[in-house]
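Shared chain: chain A. Partners: chain B in the first complex, chain C in the second.
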Partner chain A sequence: MNLESLKSEIEANVPGCRLEIVSNPSLSGQHSLLLGPSRALEVALFLRDAEALRFDYCSNVTGIDWPAPTTKGKVKEMGEGFEDDAEEEEAQLTGHLEAVYHLYSMEKKHGPVILRMKTEDRVERVHLPSLTPVWRSADFQEREIFDLFGIVFDGHPDLRRILMWDEFEDHPMRRDYVEPDDYEYEPTAHDDVLRKTQQHHGGAA
Partner chain B sequence: MDEALKTELAKQGIFTTTLQELYNWGRRSSLWPLNFGLACCAIEMIATTMARYDLARFGAEVFRPSPRQADLMIVAGTITKKMAPQVVRLYNQMPEPKYVISMGACAISGGPFKQGYNVLKGIDRYIPVDIYIPGCPPRPEALIDAFMALQKKIDAQQLTGDNRPRHLNAAEPSEFPVPHFGAHDLEPPQNPEVWHPPLVNISVSTADIDESGIA
Partner chain C sequence: MTTLTASPFESQLLEVSMGPQHPSTHGVFRMDVALDGERVVKLKPIFGYLHRNHEKIAENETYLGSMPYTDRLDYFCSITNNWAYALAVETLAGIQVPERAEYLRVITGELTRLQNHACLVGFLMQDMGASGTPLMYAFREREKILDLFESLTGARMMCNYMRFGGCRVDLPAGWLDQAKQVVEAFPRFLDEYESLLAGNEILMARTQGVGVLSKELAINAGVTGPMLRASGVNYDLRKVDKYGIYDRFSFRVPLGDHGDVYDRYMVRLLEMRESVKILRQAMKDIPGGPIQDPKTKIRGFRPKTGEAYGRIEAPKGELGFYLISDGSPCPYRYRVRPPSLINLTILEDMCLGQNIADVVIILGSVDIVMGEVDR
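Let's look at the complex of A and B:
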C-alpha cells in the first residue's frame, strides 16, 4: 500500500488531522505515519471503518523512549543547521516518548500500516489518546506501555499497571531507569555488574 | 545400639528401633508437596509425579492444594518480585515441620533473569532452603535426587541437642517476614536473618579492567 496515497486519503476524510510520513531508510523500508494526537481517534476510526481500508486488526502496540540528547553542543549545532522553531528545539532538549501501532486488515488482506504518536516531553506532558476504543486488542498493550514507559493513554477503559505492582513508581523500559541495587551476590560478575558487586563488598573484591 | 547387633536381631525376627528413627522415618516417607508451580520447572515437576518417573515411590505423590496440609514446598520456577510475597506467605502458612526445595536456576539465583529488575534473585533471600537443584529446568531425575537428598537429611536429624531441627526448637522462627511492595523494589530486598551473600572471590586479573579500585 502506498503511504503517500493513504496519507492524502486520510487527510481528505479527516479534516484537521496532522500526518507526517516517517521514512525508514533501512532495507526493510517500513515507513510509518506520524499522527498528531489531537485527531488521532478519528483517524483510527477512519482507518478501521473506511470501505477500501478496513484495518480491523491491531497486531502490536509498543513504546519507544527518546531521551534528551546528552551533549548540548550537538543539539545547538543541529538547531542552527536546521533552523528549528522554538517548539521543536524544546522537544529536542526534553526528549519524548512514542507509541507505535501496527495495523493489518484481515478482510482486505493488506498491511501493515504503522502509526506513531509522540508525547510532548517525558515528564509532565506524557498524555496520548488511547486507541483501545477502536481496537480492543490494544488494551493490555497500552497498559504495558503505561507501566513500562509511562505514557498516559486518555480514554483507556482500565489504565492500570499490568506487569509491575501498583505501588511501583518507576518506568523500567525508559533509558534513564535506575534498577534496584541487589547485586550482593554475583558469582560470574563482569563489567557493570562486577562494579556494582564490588560496591557491595566495600569497593574491592 | 550397635548396628551389627541390630542387623543380627532383625535376621532373627526381632525388630529394634529408636523413637528418633521412627519419627524421622515417618516424616521422610510422607513428604507431601504443596501443589503449585511458577514457571517451566513446574512442567518437569509435574512430569516427575506422573507414571514414567513416579514420585509416589518416595511417598510424595500427594500434592496438596492447601499449604495447611503440605510438608514440602518445591519452588519450581522464576519468582518475579510481584510473586515473591505470595510465595513467602504460602510458606508461612505451612505447618512445621516444613522443607523447601529450590528447583532450577531461577529459584536458586534468578537464573537467566538475574540481572533484570523484576525477578527475585533466589527464594533463599526470604525463606530457608533445604535443597538446591541446578538446571534449566532440572530433569525429573534431578528432582528425584533432590527428594532422596532431603530424605537423607531428615533421616540424619537429631531430636534433641543443639543440632535439632528448627521445628523442635521453640527459639527458632517458623514464619518469616513477608516483603512489601515498595516504590522501587521489594522492601526489604532480602531477609538478613535468613540470607547472607555467599562469599565469592570476584577479583579479576588487572588486565581485564582499569587499575582503579580492584585488587
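Let's look at the complex of A and C:
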C-alpha cells in the first residue's frame, strides 16, 4: 500500500490531524507515519473501521527511548559548519520517547502500517493518548511501555506496572537507566553487591 | 434463579490467589480471582516473576550474541524463536537465504510445532485430571523429536540453530532417514491419541462451551495462532506472509467454529496432521547446496541504519521481532512481540462466569510459556 495515498486519505477523513511520513533507510522498506497525539484516537478509529482499510489487528506495540545527545560527536559527523549546528541542536533537543504501533488487517490480509507517536520530552510531558480503546491488544503492551519506558497513556483502562513490582521506581528500558545500588530486594548481597550497598549507605567498605 | 426473600446466609465474594506456584499455571504465573461460590466474577493475571529484561540485555549485545538467548524465550520452541529473530535481521539487512537452508528451516520449524502441540494437548489432559497417560504418550513422541534436534544441533532444547542468511550446521549423515521414520510414525500417535480420547464424555463435558472466545474479540485483542483459528478466523502467517518458502507446500489451515476449549484442542490435533504433510513434502524436495549465504558477515555484523519488523507463525502464535539499527554492532532497539503474553489479554473475558475448575483448563488451552510472557 502506498503510504502517500494513505496519508492523504486519512487527512481527508480526519480533519486537523498531523501526519508525517518517516522514511526508513534500511532495505526492509518499512516506512512509517508519525502521528500527532491530538487526534490520534480518531485516526486509529478511521484506520480500523474504514471499509477499504480495515486495520482490525494491532500486532505489536512498543516504546523507544531517544535521549538528547550528550556529546557533540554525533552532530560533528553530519558535515561542515558543525559548530553553529551543534549549538542550535543542543538548545532544542531535549530527547523524547516514542511509541510504535504495527497494524495489519486480518480481513483484507494487508499491512503493516506503522504508526509512531512522540512525547514532548522525557521527564514531564510524557503523556500520549492510549489506543487500547481501539485495539484491546494494546492493553498489556501499553502497560509494558508505561512500566519499562515511562510513557503515560491517557485513557488506558488499567495503567499499572506489569513486569516490575509495584513499588519499583524508574524505568529500566531507558538508555540512561542506572540500576539501583541498595538492593533492597536482593536477599543474598555479597562481594560487589555488598560493596555497592555499603557505599550507598555511606558506610566504610 | 432469583429468590424473593433475602438469603439468611451471609454471602460475600471470596478472593483466591492462584499461583504463582500452583501446578496448573505452567510456570510462575498468578491469577487473582474473585469468586461468587464457584463462579468467577473477576480475574486479574499477574506475572513478571521471570522477568530479566531480555530486551535490555539484547541491546547491549551484538546481533549474533542474542541468537542463543532467543532460545530461552519460549523454551519449548527454540528453533522457531531463532527463525523469527533471523527473519527480522534478514529483513533489516536484506539478506538472501539459500534454498537448502530454507528447507532446513521448514523441517526443523515444523518438527518444533509437532512437539509443542503434542505437549500442549498432553498438558491439557493433565489439567483436566487425566493424570499421566496422555501426557506421557505425548512426551514419548516429543522425546523422539528432541533426539533429532540433539543429533542435528547438539542440544535438545536450546538449539541455537539459525544464523543470519542460513543455518548453523548441515544435516549429519542419516539424519533425514531417521527424521522420515519419526514423521511417518507420527500420525499413528495421533490416531492412538484420538482413539483414546475422541468422544470421551468427560472431555466433552469439561471442554465444550467452556471459555468461549468470539471472533470479533479475538481479532481486536490481537490473539494469534491456534487460539485465533479455533475462533474461526482464517489467519495463518504461513499462508498470509508466505515467509521463507511456505508458498511451495500444500497444506490446509484448520479452523474451529465455537472458539471454546474443545475447538482449541482439536485445532492443535489437526494442525499436527498438516505439519506432517508439510514435513513429508519438504523432506522429499530438499535440494543440495550451501546452507549459508556466503556474502553475510555473521561476526562483526553491522546492518545499515533503519528498522524492521519480522514475524513468523510460531506454534503459539505470531512471534515478531522489531529491530532498530543505528549502524553499530548492537541493535539500538530490540523488541520481542511475544504471542503468549498477548494471548493472555482476554483471559479474564474467557473465564468470567465459569467455574473455578474451568479456569485451569482455559489457561491450559491458551498455551503459555512464562519464559516468553515475562522475558
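Going forward, the second predicted complex is superposed on the first by the 159 of 205 C-alpha atoms of A that agree within 3 Å, B and C clash if a C-alpha of one lies under 4 Å from a C-alpha of the other, contacts with A are read in each partner's own complex, and residues count from 1 in each chain.
As a convention for this text, a residue touches a chain if its C-beta (ideal position, glycine included) is under 8 Å from a C-beta of that chain, and two chains touch if they have at least 3 such contacts.
Computed from a predicted model, the values in this text were never measured in an experiment.
Asks: For A:Ala99, using the defined touch cut-off, is the partner it touches chain B, chain C, both, or neither? Pick first, second, both or neither.
Replies: Neither: A:Ala99 stays clear of chain B and chain C.
Asks: Given the touch rule stated above, what does A:Pro25 touch, chain B (first), chain C (second), both, or neither?
Replies: A:Pro25 sits against chain C, while chain B stays out of touch.
Asks: When the two structures are overlaid on chain A, which partner does A:Leu163 contact: first (chain B), second (chain C), both, or neither?
Replies: In the superposed model, A:Leu163 contacts both chain B and chain C.
Asks: With both complexes superposed on chain A, which partner does A:Thr197 reach: first (chain B), second (chain C), both or neither?
Replies: first
Asks: Of the two partner chains, chain B (first) and chain C (second), which one does A:Pro172 touch, if any: first, second, both, or neither?
Replies: Both partners, chain B and chain C.
Asks: Taking the superposition as given, does A:Asp139 touch the first partner, chain B, the second, chain C, both, or neither?
Replies: After superposing on A, A:Asp139 lies in contact with chain C but is clear of chain B.
Asks: Using the touch definition from the top, say if A:Cys58 reaches chain B (first), chain C (second), both or neither.
Replies: Second partner only, chain C.
Asks: Could you say whether A:Lys109 touches chain B, chain C, both of them, or neither, answering first, second, both or neither?
Replies: Only chain C is touched by A:Lys109; chain B is not.
Asks: I'd like to know which partner A:Leu128 touches here: chain B for first, chain C for second, both or neither.
Replies: Touch status of A:Leu128: no partner.
Asks: Share the list of chain A residues that count as touching for chain B in one structure and for chain C in the other.
Replies: Shared contact residues on chain A (touching chain B in one complex, chain C in the other): 163-165, 172, 177.
Asks: Which of the residues in chain A end up touching chain C in this complex?
Replies: 24-28, 30, 56-60, 62, 64, 100, 102, 106, 109, 112, 114, 135-141, 148, 162-165, 172-173, 177
Asks: Looking at the complex, which residues from chain B come into contact with chain A?
Replies: 81-82, 109, 114-118, 121, 181-185, 189-190, 197-198, 200-204, 209, 213-215
Asks: Okay, in this complex, where on chain A does chain B touch?
Replies: Per the touch definition, chain A meets chain B at residues 163-170, 172, 177, 179-180, 182, 184-187, 189-190, 193-194, 197-198, 200-201, 203-205.
Asks: Which stretch or stretches of chain C touch chain A in the complex?
Replies: Going by the criterion above, the answer is residues 47-48, 51, 53, 55-56, 91-94, 217, 219-223, 233, 235, 240, 303-309, 311, 318, 320, 322, 324-325, 333, 335, 337, 341-342, 344-346, 374-375.
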